[in-house]
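Consider the two complexes below, in which chain A is the common component and chain B and chain C are the respective partners.
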Partner chain A sequence: MKIILDGKEVTAEAGRTILEVARQNGVDIPTLCHVPALEPAAMCRLCTVELIENRRARMVTACNYPLRGDAEVRTDTPFLRQGRKLIIELLYSRCPDSTVLKELAARYGAELGRFPEDNKDCVMCGLCARVCERVGGNVLALCGRGVEIRVDTSFGRTARHCIGCGACARICPVNKIQIGDEGAERTVIIYGKEASRIPLRPCTSCGKPFGPVIDLSLIMERAGETKVPAFNLSVCPACSRRNHARRLAERHFEQYEIEPRETGEDD
Partner chain B sequence: MNTATSAAAVLSGVKRFVGGQELEQHRQALIDRTDPNAPRILVCCGTGCKAVGSLDLLETMQNSVAASGAAIKVMPEVKRTGCHGFCSRGPLLTLQPEGLFYQRVKPEDAEEIVKQTVIGGELVKRLLYKPQGAKESIAKVGDIPFFAKQTKLVLKRVGRIDPFDINDSLVHGAYKALNKVLNEMSPDQVIEEIKNSKLRGRGGAGFPTGLKWESCSRQPGRHYVICNGDEGDPGAFMDASVMEGDPHAVLEGMAIAAYAMGSDRGFLYVRMEYPLAVQTLTRAIRQAEELGLIGDNILGTGFKFKVSVSTGAGAFVCGESSALMSSLEGKVGRPRPKYIRSTEKGFRDSPSNLNNVETYANVPEIILRGGAWYTGYGTERSAGTKVFSLTGNVHNVGLVEVPMGTSLREIVYGIGGGIPNKKELKAVQTGGPSGGCIPIPKKFLDINVGFGKLAEIGSMMGSGGMIVMDENICMVEVSRYFINFLVEESCGQCTPCREGLTRMKDILTRLTLGEGREGDVELLEEIGKFTNSFSLCGLGTSAANPVLSTIKYFREEYDAHIRDKKCPAGVCKPLYYYEIDPEKCTGCGLCRAKCPAKAVAGEKKKPHTIDQELCIKCMECYKNCKFDSIKIM
Partner chain C sequence: MPEAEVMCQEPEVDFTLIDRIIRDDFNGNREAMIMMMQAIQRHYHFLPEPALHYLSQAISVPLTKIYEVATFYASFSLIPKGKHILHVCTGTACHLKGSGGMVKHIAGKLGIAPGGTTADKKFTLETVNCLGACAVSPVVVLDEKYHPKATVGLLNELIDQVNAE
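What follows is the complex of A and B.
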């Protein structure tokens, strides 16, 4: 397969996406809605490049276009730069305090503030919904009709089957999802609205709430497993570490038949 | 006579056909039984006529015929049919075999028609069609230009048969082609024939149907045959009329496609807003299954094809092929981002062939008469005919089928009867909401309507919407209207379409309110250019067409809105006012009488004036003035 990437001939494995091939060859195509671990959704369109295949030129998104034969790819033409500039400007009005967008704006000379701000606190990359479906409790989805599309839970209700994994908050490129533990509960907040609230289980050792109560069967089902493994996280990480250390120490003292010295209360 | 019982009576003697010969024998028996010269009263019960009361007309007509039974020599059959096409004149009624055409018929007229025409052999003059400006009425369908100038291939049975009675379709040749295909042709021969016909998809993109079938048939795995009956374009109803008026043509086309591609399963995706189409199709499928024309072991050949109707919730974007497949799978109807054809991986990731209703309806006749016959219609690159829904400022609103390559002049003036109220034709909009506006006076009245030509001048064929616009249509407002429609129908997943169109809508709304600024047109062009090339699906990549084409051809109108704060067409309310030309005003007082806001004042026989404070710009005076003295300023 002969690929000409921005004028240079490169080799590529059939089926690889343009983005993968470009990155392998040190060509940086901007992306916003893509992470390699998730199926691409090609929503932001920032990675649009020009593809010439069979002497036909067209615009495709690099993140999900699989190269299957000889092709020429142009990733940085004036037209593409202008288009990306416009996309950044449009997205910026949805989410004016985003660092990622400011960086992209600097790179493409975007005029921030060209469109009136309508703070939606979201660039609609869909990553949170996709990661939630893939690794979380499948709580978040792109809801709403048309341009009013938004990330939400089923029927906008506070979800209970959230596993509290926090992947959504972690993946959000504009840091607009808050996840917090308060008392014996964990909440996920999107657009200032409570998306999910789940109980935290108390540590059997120290009694403090520490981790979400998870319905494992859901995850097993998705993984195609029938037997739920013994997943018995009943001790918080701090206690777990301490218990482990104590066991080690005990074994050590037993070995040398040393009487451990009494210490005060923990922590 | 009740058609349902008559169908049942004939059907009761027939079980499933176990061979093609049986089908033909049954057909012959039906034909022998029907006297072509027997009187028949066809009542149009298409959606348009139904809306103006044709079901009541059908019932009173049946009752009137039954009541005068003794006086009638040969009892006419009163038949419920699909759309006759001349919707602006509904309810419509045709009397066969003479081919008499009555329009705007009310239930009260039924008795008179029976007495005067059926029994007395005289015309009811008042119900005849009189073309605009003509002195004489026209009695026969064949003499009415609206019908005479059309070429009906797809619509040939629509409006003539009872869509609820499979026997009526059989009399008119349904399933002959399927029989031929199953008994005389190999799948490859079928595909070859369709390729020879140069049939191109009627859903908008105009992809060659034969090629699509071929590439689908070559894929491994279970194949699906899907019909796109979503028809989301505002004002379009050609697919509806085919599904409602001749459901068996669509089913037969799909069955032939299934045979050609080795499929055993089909779906008709019909928008929920088409309850009549859902009803006719569901009934048609059941009747065809009972006769062994659809379902298991079709015509005893072992070929199996099961079809079902699936309803969509009326989202325009669900007409897009990948969104349609998602919706059919029960998922949200959003276009899929994958770069893979549905013929390879479509419905349930299996090879799926999607065609438009009209595309399938073309198939049986091509099989029967051959691809070469089909290329005899239309042009080199666009073969066959196309059904357009002709609407807007034109006398004859309705469905028209013409060979591809027919000029706009012929469609708008020849068939459409021209522009009402002595107005000038300004533009023709084709291609649905993402088509373009073709300026008429300047150049394009004689262009030949085909896939290539329309694309060349910045519009498109789309599924066949055609809106005629006169001088009182504002192009900025037209853009705003279509963009607004698309903003509402966008699925919202990709940035250029979701954000870009919303911004365009905001700008256009500002323009129509007189708040336009220098640079707005350039900004519209910029956004349009990039939504057209950066969007994910066909909705986004064609959405800017109405804006770009109106800017291209009617730039001065945009400038008038922005610089002079004027709407030359008199549509955008804050941007114009009416004034009475004292030279022309005769003081007849009609406008004064019509004005709902009492804004017109003046003495009889003296020029009147309009109080701008009171005027609500409802256009009543403008529309009613017989002396052309009201000016848009």
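What follows is the complex of A and C.
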């Protein structure tokens, strides 16, 4: 298979996407909605490239276009830069304080503020919904369509079956999903609305809440055969460390009396 | 939440019926999910939430996915609809033949906005973009029956007929 990438001939395995081939060869194509572990969705359209196949040129999204035969790919033409500039300007109007978009804007010379800001706080990449399906408890989904598409929970209610993994907050390219522990509960907040609220389990040693109550069977089903045994921790990491250190000290320094320390101050 | 309020006054969902749709009509095959949803909607004129919960359990598809599908397609509704659904075409040809005026007339007569349902749950008024019958415009569809070259007079007749039932 003969692939010409930005004028240079490169080798590529059949079935690899343009984005994978480009990254292997050190060509950077900007993306917002792509994470190698998840199925590409081509939501952000930033990775659009020019593809010349059978003497026909067209625009395709690099992240979900598998190469199957001889082709020429151009990733950085004036025309593409123009298109990316416009996409960045439009996305910026939805999400005006995003660092990622500001960096991209500087790279492509986008005029920020060309479109009125509507503060949707979301670039509609769909990563949170996709990662929730794969990693989390299937809480988030892209609901509606067209201009009304949004990330939502089923029936717009606060979800209780969230596993509190925080994958959605971690993966959001514009950092607009807040996950936080307050008291004995963990909440995920999207668009200023509570998407989920789940209880945290208390540590059996110090009594402080430390992690979500997880339905392990669900996780096991998804993980398949695991090499390590899965169990729900009953002791928080800080207590676990302290207990372990105490046991070690007691074993090696029997002659010394170990003063029990006040818990929960210096972890 | 306005939807939740509406849900409360909804009639009981007949789970044996839903079970029959899922298992007998479609063999519990999850690929037929949309068809099952259509069948449920045909029966209740909308998708009742308990029915979707049941469907999710029965075919092992997360409720979130079903909700995603239900909100994606314009033909699915999560809000209760009236017994009779009146579609008025507002496509280009029908628009030129005065469908806008008809929509306004029905809206005034029934006291609802397009997309709304009358308080007695008899009528839901909907506008559609094109029904593919531009040659006989303006087109009005009442309960899947097409009425070509509709007029305000015909609409009055249709509505009165239903109301007289």
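Basically, the second predicted complex is superposed on the first by the 238 of 267 C-alpha atoms of A that agree within 3 Å, B and C clash if a C-alpha of one lies under 4 Å from a C-alpha of the other, contacts with A are read in each partner's own complex, and residues count from 1 in each chain.
Here is the rule we use: a contact is a pair of C-beta atoms (placed from the backbone, for glycine too) under 8 Å apart; a residue touches a chain by one contact, two chains touch by 3 or more.
Computed from a predicted model, the values in this text were never measured in an experiment.
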Chain A as common anchor, with chain B and chain C clashing or fitting: clash
Touched partner set for A:189, first chain B, second chain C, both or neither: neither
First, second, both or neither for A:82, with chain B first and chain C second: first
Which of chain B and chain C A:153 touches, first, second, both or neither: second
Which partner reaches more residues of chain A (counting touched residues only), chain B or chain C: B
A:218 touches, of chain B and chain C: first, second, both or neither? neither
First, second, both or neither for A:145, with chain B first and chain C second: both
Overlapping contact positions on chain A, where the chain C interface meets the chain B interface: 142, 144-145
Chain C to chain A touching residues, read off their complex: 1, 3, 49, 62-68, 71-72, 78
Chain A to chain C touching residues, read off their complex: 133, 138-145, 152-157
In the complex, chain B residues that touch chain A: 315, 332, 334, 337-339, 487-496, 498-503, 526-527, 530, 533-536
Touch list for chain A against partner chain B, complex: 40-46, 48, 59-61, 64-66, 79, 82-83, 86-87, 90-91, 93-94, 115, 124, 126, 142, 144-149
